[in-house]
Amino acid sequence: MQQQQQQQRRKGSATRTWLVISESGKSHVEEVGKHSIMRRTGLPARDLRILDPVLFYPSTVLGRERAIVVNLEHIKAIITASEVLVLNSMDPSVIPFVRELECRVATAAAAAAAATAIKNGSSGEMAVVAKGDGPKVLPFEFKALEVCLESACRRLENETSTLEQEAYPALDELTSKISTLNLQRVRHIKSRLVALYGRVQKVRDELENLLDDDMDMAEMYLTDKLAHQLEDNDSRNDVVDGDSKSDDESDDDLKTNKSSSGNVTGFKPNIEELEMLLEAYFAQIEGTMNKLSTMREYVDDTEDYINIMLDDKQNQLLQMGVLLSTANLFINAGIVVVGLFGMNIQIELFDASPAQFWETTGGTIVGCLIMYLIAIFFGKKGGLLG
Amino acid sequence: MQQQQQQQRRKGSATRTWLVISESGKSHVEEVGKHSIMRRTGLPARDLRILDPVLFYPSTVLGRERAIVVNLEHIKAIITASEVLVLNSMDPSVIPFVRELECRVATAAAAAAAATAIKNGSSGEMAVVAKGDGPKVLPFEFKALEVCLESACRRLENETSTLEQEAYPALDELTSKISTLNLQRVRHIKSRLVALYGRVQKVRDELENLLDDDMDMAEMYLTDKLAHQLEDNDSRNDVVDGDSKSDDESDDDLKTNKSSSGNVTGFKPNIEELEMLLEAYFAQIEGTMNKLSTMREYVDDTEDYINIMLDDKQNQLLQMGVLLSTANLFINAGIVVVGLFGMNIQIELFDASPAQFWETTGGTIVGCLIMYLIAIFFGKKGGLLG
Amino acid sequence: MQQQQQQQRRKGSATRTWLVISESGKSHVEEVGKHSIMRRTGLPARDLRILDPVLFYPSTVLGRERAIVVNLEHIKAIITASEVLVLNSMDPSVIPFVRELECRVATAAAAAAAATAIKNGSSGEMAVVAKGDGPKVLPFEFKALEVCLESACRRLENETSTLEQEAYPALDELTSKISTLNLQRVRHIKSRLVALYGRVQKVRDELENLLDDDMDMAEMYLTDKLAHQLEDNDSRNDVVDGDSKSDDESDDDLKTNKSSSGNVTGFKPNIEELEMLLEAYFAQIEGTMNKLSTMREYVDDTEDYINIMLDDKQNQLLQMGVLLSTANLFINAGIVVVGLFGMNIQIELFDASPAQFWETTGGTIVGCLIMYLIAIFFGKKGGLLG
Amino acid sequence: MQQQQQQQRRKGSATRTWLVISESGKSHVEEVGKHSIMRRTGLPARDLRILDPVLFYPSTVLGRERAIVVNLEHIKAIITASEVLVLNSMDPSVIPFVRELECRVATAAAAAAAATAIKNGSSGEMAVVAKGDGPKVLPFEFKALEVCLESACRRLENETSTLEQEAYPALDELTSKISTLNLQRVRHIKSRLVALYGRVQKVRDELENLLDDDMDMAEMYLTDKLAHQLEDNDSRNDVVDGDSKSDDESDDDLKTNKSSSGNVTGFKPNIEELEMLLEAYFAQIEGTMNKLSTMREYVDDTEDYINIMLDDKQNQLLQMGVLLSTANLFINAGIVVVGLFGMNIQIELFDASPAQFWETTGGTIVGCLIMYLIAIFFGKKGGLLG
Amino acid sequence: MQQQQQQQRRKGSATRTWLVISESGKSHVEEVGKHSIMRRTGLPARDLRILDPVLFYPSTVLGRERAIVVNLEHIKAIITASEVLVLNSMDPSVIPFVRELECRVATAAAAAAAATAIKNGSSGEMAVVAKGDGPKVLPFEFKALEVCLESACRRLENETSTLEQEAYPALDELTSKISTLNLQRVRHIKSRLVALYGRVQKVRDELENLLDDDMDMAEMYLTDKLAHQLEDNDSRNDVVDGDSKSDDESDDDLKTNKSSSGNVTGFKPNIEELEMLLEAYFAQIEGTMNKLSTMREYVDDTEDYINIMLDDKQNQLLQMGVLLSTANLFINAGIVVVGLFGMNIQIELFDASPAQFWETTGGTIVGCLIMYLIAIFFGKKGGLLG
């Protein structure tokens, strides 16, 4: 006993500030030690590590026996059947989430109270009306989970929109002018895009995994599990006295119900509600991911486009280089001709009249030009020059 | 009670214009508030958000307890067992869909009326004939769903054809002439292609997901579920009086029927019909996707081809540059020779006859030419020049 | 009744020419309307659309209640338990398929007739011998399906071989000489390769999907389903009189047998035979796909190789350009020197003997050459040149 | 009867040489016709085609009713419950496999004989000891299958090692010197790598597919199936006399046991042993594939590296070209200056002293040099040069 | 018997040094032969091969009948229900793992002893308290497995961090200066990244595979299986005397419980605990993989960026080359002009005053400059020059 207390004191130093929101929508801040949280939520130490802000775990939603561990983007929370424990509640990005959660939970609590009041008045038939009247009321843990999902999805959606507003103009500017500055801006945008895409995909995969595994969803019906467990404790005694026949039947249960916890033996909640909830946010996050994919494709296309443009420009420059070299060649040939007449070897020409100077000059220049034009003509004909 | 009314009034401001098509094929426009739709269709607010034209959700088909939510491309509708609610019904692209839907539903209603009339006359044996006589009559919700799928598939098919007619000529023109204009056209086509591909794939994935999950398909048998539910309500009283044995059996149902809603306990419709319906449109949308993939591959191949062509052109230009440089080199050598004879240092040559001028000139030119040809010969032999 | 006839007349205009091959192996051409086919095969209109040669649906094999719809490459057929309906039977590529089908069916019919004859003579034990004697006899629909698969696989195999014989020489030629002609040939081969790959993959995926879904395979046991259905009709009356116990049991059937049609309730054929048949053709089509993948990788590798080769060639050309520019530089320096001595500014040198001319000339040339060699030496040492 | 014999004679021409290894480890060569193999192993013709060395089927392992068809790399064999039939047994690469198989089977047979001898002496308790004493003895078919897998995995492993020893030096040589020879060597290595990767992946996929499908594994328990079948034949008569109750139960079997053959109805072997066997070879083949993937990545990285290096070299060459052009420019400017003084237009300078010649010469050269250095300075400052 | 001993002696040569950690946390080194390990752990030879350090098997976790084979990164161990056998225990990277394992096991043993002591005092109610008090105590094999996973994950995490600290600066340096040294550093980092990514992915896939297959997880409950087996042995005799009814029921068990070993017939442990354990490490390893993916994307983006930058630089250099060529051209034109006046053909100009020299000079230079500026103007206007 003493040893245990010591251990607790040692570990107790690692307390964190949790914001606790109760079923009634009231919230207060608590300084709770790791060990105490483990006892309160039934979570092992390794599940708490997922929420550790230092370790940068990717988005994860885990259904445990008595709690749902939610690590969705900025939201790090533990949801139990009766309260929500939120980490980092002072973070400016988490505050609106906490407000929304408090408000939503409070409204529901009020509505529930009202409903109970009415029900007590006109019991049975009212329930039937409620049924046909609209969607069912979600249990506390799903109301909290929905606010978490909403907040995470909205945040990702917002970041996507912001990125979109930056990316498209930057890309269009880059295609019109390739400069180191523009390139670095686009590169920065691209790495943000990739990081955001990864985060969105992680949330999407997490939702998909949950939707694919019915038992994981069933695990999340904390309120129902709690209710069932209490009931079970009551009825267990009867079962022991039951005949062997019914025992076989319950064995059968065990088999089908592959991964249920020992405490929820034979408990199979109707996961319809949760499935519907997750599907809706799955559709939203898919929409966000679509936008990001489109942006990514646009970036890749722009890069391909720039590459082709640069290659094409390069060829135009090389063509211009060839044209200039050709021109140079014939001018040099002209220099040779002119140089020949500058040699100190005497010929009759040199004694002639000025007209001959102009004839020579003109002949040289025109000759070079004609040769140049012929060269260009053959170059174009051969297809080398555009 | 009062509180609830107030709430409704506040939210009631967000009314939308829905076109309601009843089972008889008649349609009328209704201004309905969000809350009222929720009550009418049993859908939660988050499912309605999927249909919101502002949020750009990707294509989604969701089977809910009393309604099918259809967000396929331009079609945003809610199908219940007795009516179809269509959003944006004034959109020119939606109008033909609405026409088709009205017509199809009306024909079916007429046929059903006729059939009932006949049946009443010569009951039993007629049913048998009908069975062997052709495919079965689809329930109302599937008739509506089929028109939705048909309209969405046709629209995607049409857009694909349009794009095909634009893309192939543009690409072929680009390969024959790389210009900024052509490049931008192709780039524009490519981004349209990518966007369209994404949309087609989304519809395809949605159909595949439905086909993969039998329970999701079962959820969509609204008419059958309704019928079963009514029946169930009748029989429930008997069950309560039943022996424990039968109770166990129905528990068994619950287990197998993993994700069925509480109201449809023990209800397992024959999903054959819906599977066949979806399979046919799945094949069609796969055909469309195949076309788009082929186009995409063609674009990529064209880009690769252009890149190799540009690189090859570049090398030809560089080769021409080397040829010109070589020529220039020997002309410059000629200039040196000629310049040497232009030096003011006296040698015997300078006192000689004009024949020597021509010999010098010819010797210089021929010497340069020979050296040039030798250089080119070695260049070609060494493999550097093509 | 009248209305229905009218409808039929109207739709009857869309008749097609079908080749009908009966169980006995005899074939005849029939002009059948769409509606009549639907009644004959129990297929809905949308399944018939899959066979429409105008719509270019990808390869599909669908098991329906009373027919198998086969759209494999060039073969568009409907297989029922007693006949095969083939479209486009006049197409030269379809004719060998029809021949093979007739022959195979006729042989089987003859063998069956013989077996029946023998059996009638020496019944029981013979059957046992037959069992140990070789593989079982396939029902009619699978014999037809096998011929379809064989024909489609052989066709794809042949196209692959043809492409292989063209592709490898063309690619090798391209690596040895990059010309626009060779590039276009390879590009053409590549797009054919991509298209063929897509078709082979489609057939492969279709077979894989069938093999993955046991219920889809069970749907294809048309003969067995027919036999079971008849039997069922006989026994149904007894069931109605049966006790509630057995009713529960058959309910149980329904649950497990998730997607079976209403008519085949409780019917679970042994899909072993069909699985074995499909597995064998799956292995063959995988072999074809392997060849195409290898070819595709070869094309991609060749492109990479050409790109590196072109880049390397380019650098060699640029190196040669640098060498030439360097040479030019020093020749130009020579021109300056020579030019200096051509200036009209008098120095003593100009009055000297011819020996000085040669000394100057030699000095200039040798000086330039030495500087050139030094430059090249440093260029090589610095790693820039080769 | 006669017809059948004829048929057999006709087909009998296609005999192959099979090496038959019996349960006792003795082997002999047999010339067996296709038809006779089909009767002996219960395989249909299309399964035999998979072993045909001409058709190049990819690696396949198929469990059939009375035989396992093994086509793993070089090993083409049929395994039945009592013998192994090996094709191509004369192939040098197959001989070690055959040796190993004979040896392994013989040892097992001896051990089994010894065990039986002991058992007969001291029966019951010995069995218990054996259980705790080590892994269980595998049935004949799995011993043979293990030798096949071992041989195929070892061969792939060896080829991978050989390739590794060639690839890494070749790639490193290429990065240090890009020559056509090196490029072609790397290209050849790359295509071998791709082909080997494909083969390894095929074997890996085949093992994974088997591990994923419990029924496929169950099909392979040939000895157990045979034992069960004999037993079944004995017990069937009793079943017929059994009550309807037990009949229902066996129906139930049929349902769960989805794809079992008619002969193995109700037979569900314990697939643990085979799963463990396959898992171990799966891990080995994954190790081989990992090595190949790493090699592949290395090749791709090397290519990227070469591309960047070539591009960088190119820019260095272009930079050098710009430097040379700039130098040339100023030398040409020097030529102009020198040329000016070579003009025949008289100025005072020309009448001056030799000092003026040297002043002019020096001024021109120094002027050009200064201008060149200024140009280079601005080029470097502007970032264009280095 | 003798034969077996001989065999053992022969194989006994292949002894390895194993560190054995018992349930009490005490450890000692043992030299154990392969055969002896096989008997001790019930593993076949091929499972032991997975741990062979020479064969470089990828990370694998296999649940066997009486042992878990763990090959995770540097940790090669066999976990049984009562001890852990560790290979390479002298390896410096394994020592901390061994320490941690000893410590963890010892603490648990102490706690268990304490708990037992307490329980014996105040039995029943204490257990209930413990239940609500925190997470359950893991069986020995999972405690060991958790330490293995923790050690492997931490090692991969550390390597990732080390790589991150090296990679980002190296990449940023490369973008600022492309040198062979920097390129080779980045290339080295990239290949390390790829190798590490492969290892992380292997561990992740292994965990995912385990999480996906409930039966594989169930196999790992060694302690529970052992307990169940003992119990089973006791109860088996009763079963034999049981009625046929209950026999049928247990047959049923067998069917559902598809891949359970014969010894664990009818044993279905609650895999919740193991699932939770694996999920937590799965989340951690996914976090590591995310970091590596991000790094990989960053490397790829950097390469793309460098390529565009190099291409852009190249074009700038070519542009500069064109500018220089153009300048050269006009300077050469100037040389021609100057050369013309150097010809020995007499014109009046030559007899003129020095002013004419300067006019000629100035005219030539200004003319060339103007032509150059015009050329550059048109070049810029035409878009070729920047």
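Note that the chains take the letters A, B, C, D and E in the order they are written out, and that residue 1 is the start of every chain.
Just so it is clear, a contact is a pair of C-beta atoms (placed from the backbone, for glycine too) under 8 Å apart; a residue touches a chain by one contact, two chains touch by 3 or more.
Just so we're on the same page, UniProt names per chain: A, B, C, D, E = Magnesium transporter.
Keep in mind the model is a prediction, meaning the values are calculated, not measured.
Visitor: Where the contacts of chain B (Magnesium transporter) and chain D (Magnesium transporter) overlap, which chains show up?
Guide: Touching chain B (Magnesium transporter) as well as chain D (Magnesium transporter), we find C.
Visitor: Over half shared numbers or under half: where do the identical copies chain D (Magnesium transporter) and chain E (Magnesium transporter) land at their interface, same or different?
Guide: Different, since under half the interface numbering is common to both chains.
Visitor: To test your reading of the model: what rotation angle superimposes chain A (Magnesium transporter) on chain C (Magnesium transporter) by C-alpha positions, in degrees to the nearest 5?
Guide: The two chains, chain A (Magnesium transporter) and chain C (Magnesium transporter), differ by a rotation of 145 degrees.
Visitor: In whole angstrom, how far does the Cα centroid of chain C (Magnesium transporter) sit from the Cα centroid of chain E (Magnesium transporter)?
Guide: Spacing between the chain centres: roughly 35 Å.
Visitor: Averaged over CA atoms, how far is the centre of chain A (Magnesium transporter) from the centre of chain E (Magnesium transporter)? Could you give it in whole Å?
Guide: The computed centroid separation for chain A (Magnesium transporter) versus chain E (Magnesium transporter) comes out at 22 Å.
Visitor: What parts of chain B (Magnesium transporter), by residue number, touch at least two of the other chains?
Guide: 252, 256, 307, 311, 314, 318, 321, 325, 328, 332, 335, 339, 342-344, 346
Visitor: How is the touch graph of the chains shaped: line, ring, star, complete or other?
Guide: Graph shape, chains as nodes and touching pairs as edges: a ring.
Visitor: Listed in ring order from chain A (Magnesium transporter), and going the way that reaches chain E (Magnesium transporter) first, which chains are there?
Guide: Putting chain A (Magnesium transporter) first and chain E (Magnesium transporter) second, the full ring order comes out as A, E, D, C, B.
Visitor: Touching chain B (Magnesium transporter) in the complex: which residues of chain C (Magnesium transporter)?
Guide: Residue list for chain C (Magnesium transporter) touching chain B (Magnesium transporter): 3, 35, 38-39, 42-47, 49-50, 55-58, 60, 62, 64-65, 178, 180, 183, 187, 190-191, 194-195, 198, 202, 248, 251-252, 254-256, 258-262, 303, 306-307, 310-311, 313-314, 316-318, 320-321, 324-325, 327-328, 331-332, 334-335, 338-339, 341-344, 346, 349-352, 354, 356-357, 360-361, 364-365.
Visitor: Where on chain B (Magnesium transporter) is chain C (Magnesium transporter) touching in the complex?
Guide: Listed in rising order, the residues of chain B (Magnesium transporter) that touch chain C (Magnesium transporter) are 114, 133-135, 146, 214, 246, 249, 252-253, 256-257, 268, 270-272, 275-277, 279-281, 283-284, 286-287, 290-291, 293-294, 297-298, 301, 304-305, 307-309, 311-312, 314-315, 318-319, 321-322, 325-326, 328-329, 332-333, 335-336, 339-340, 342-348, 379, 384.
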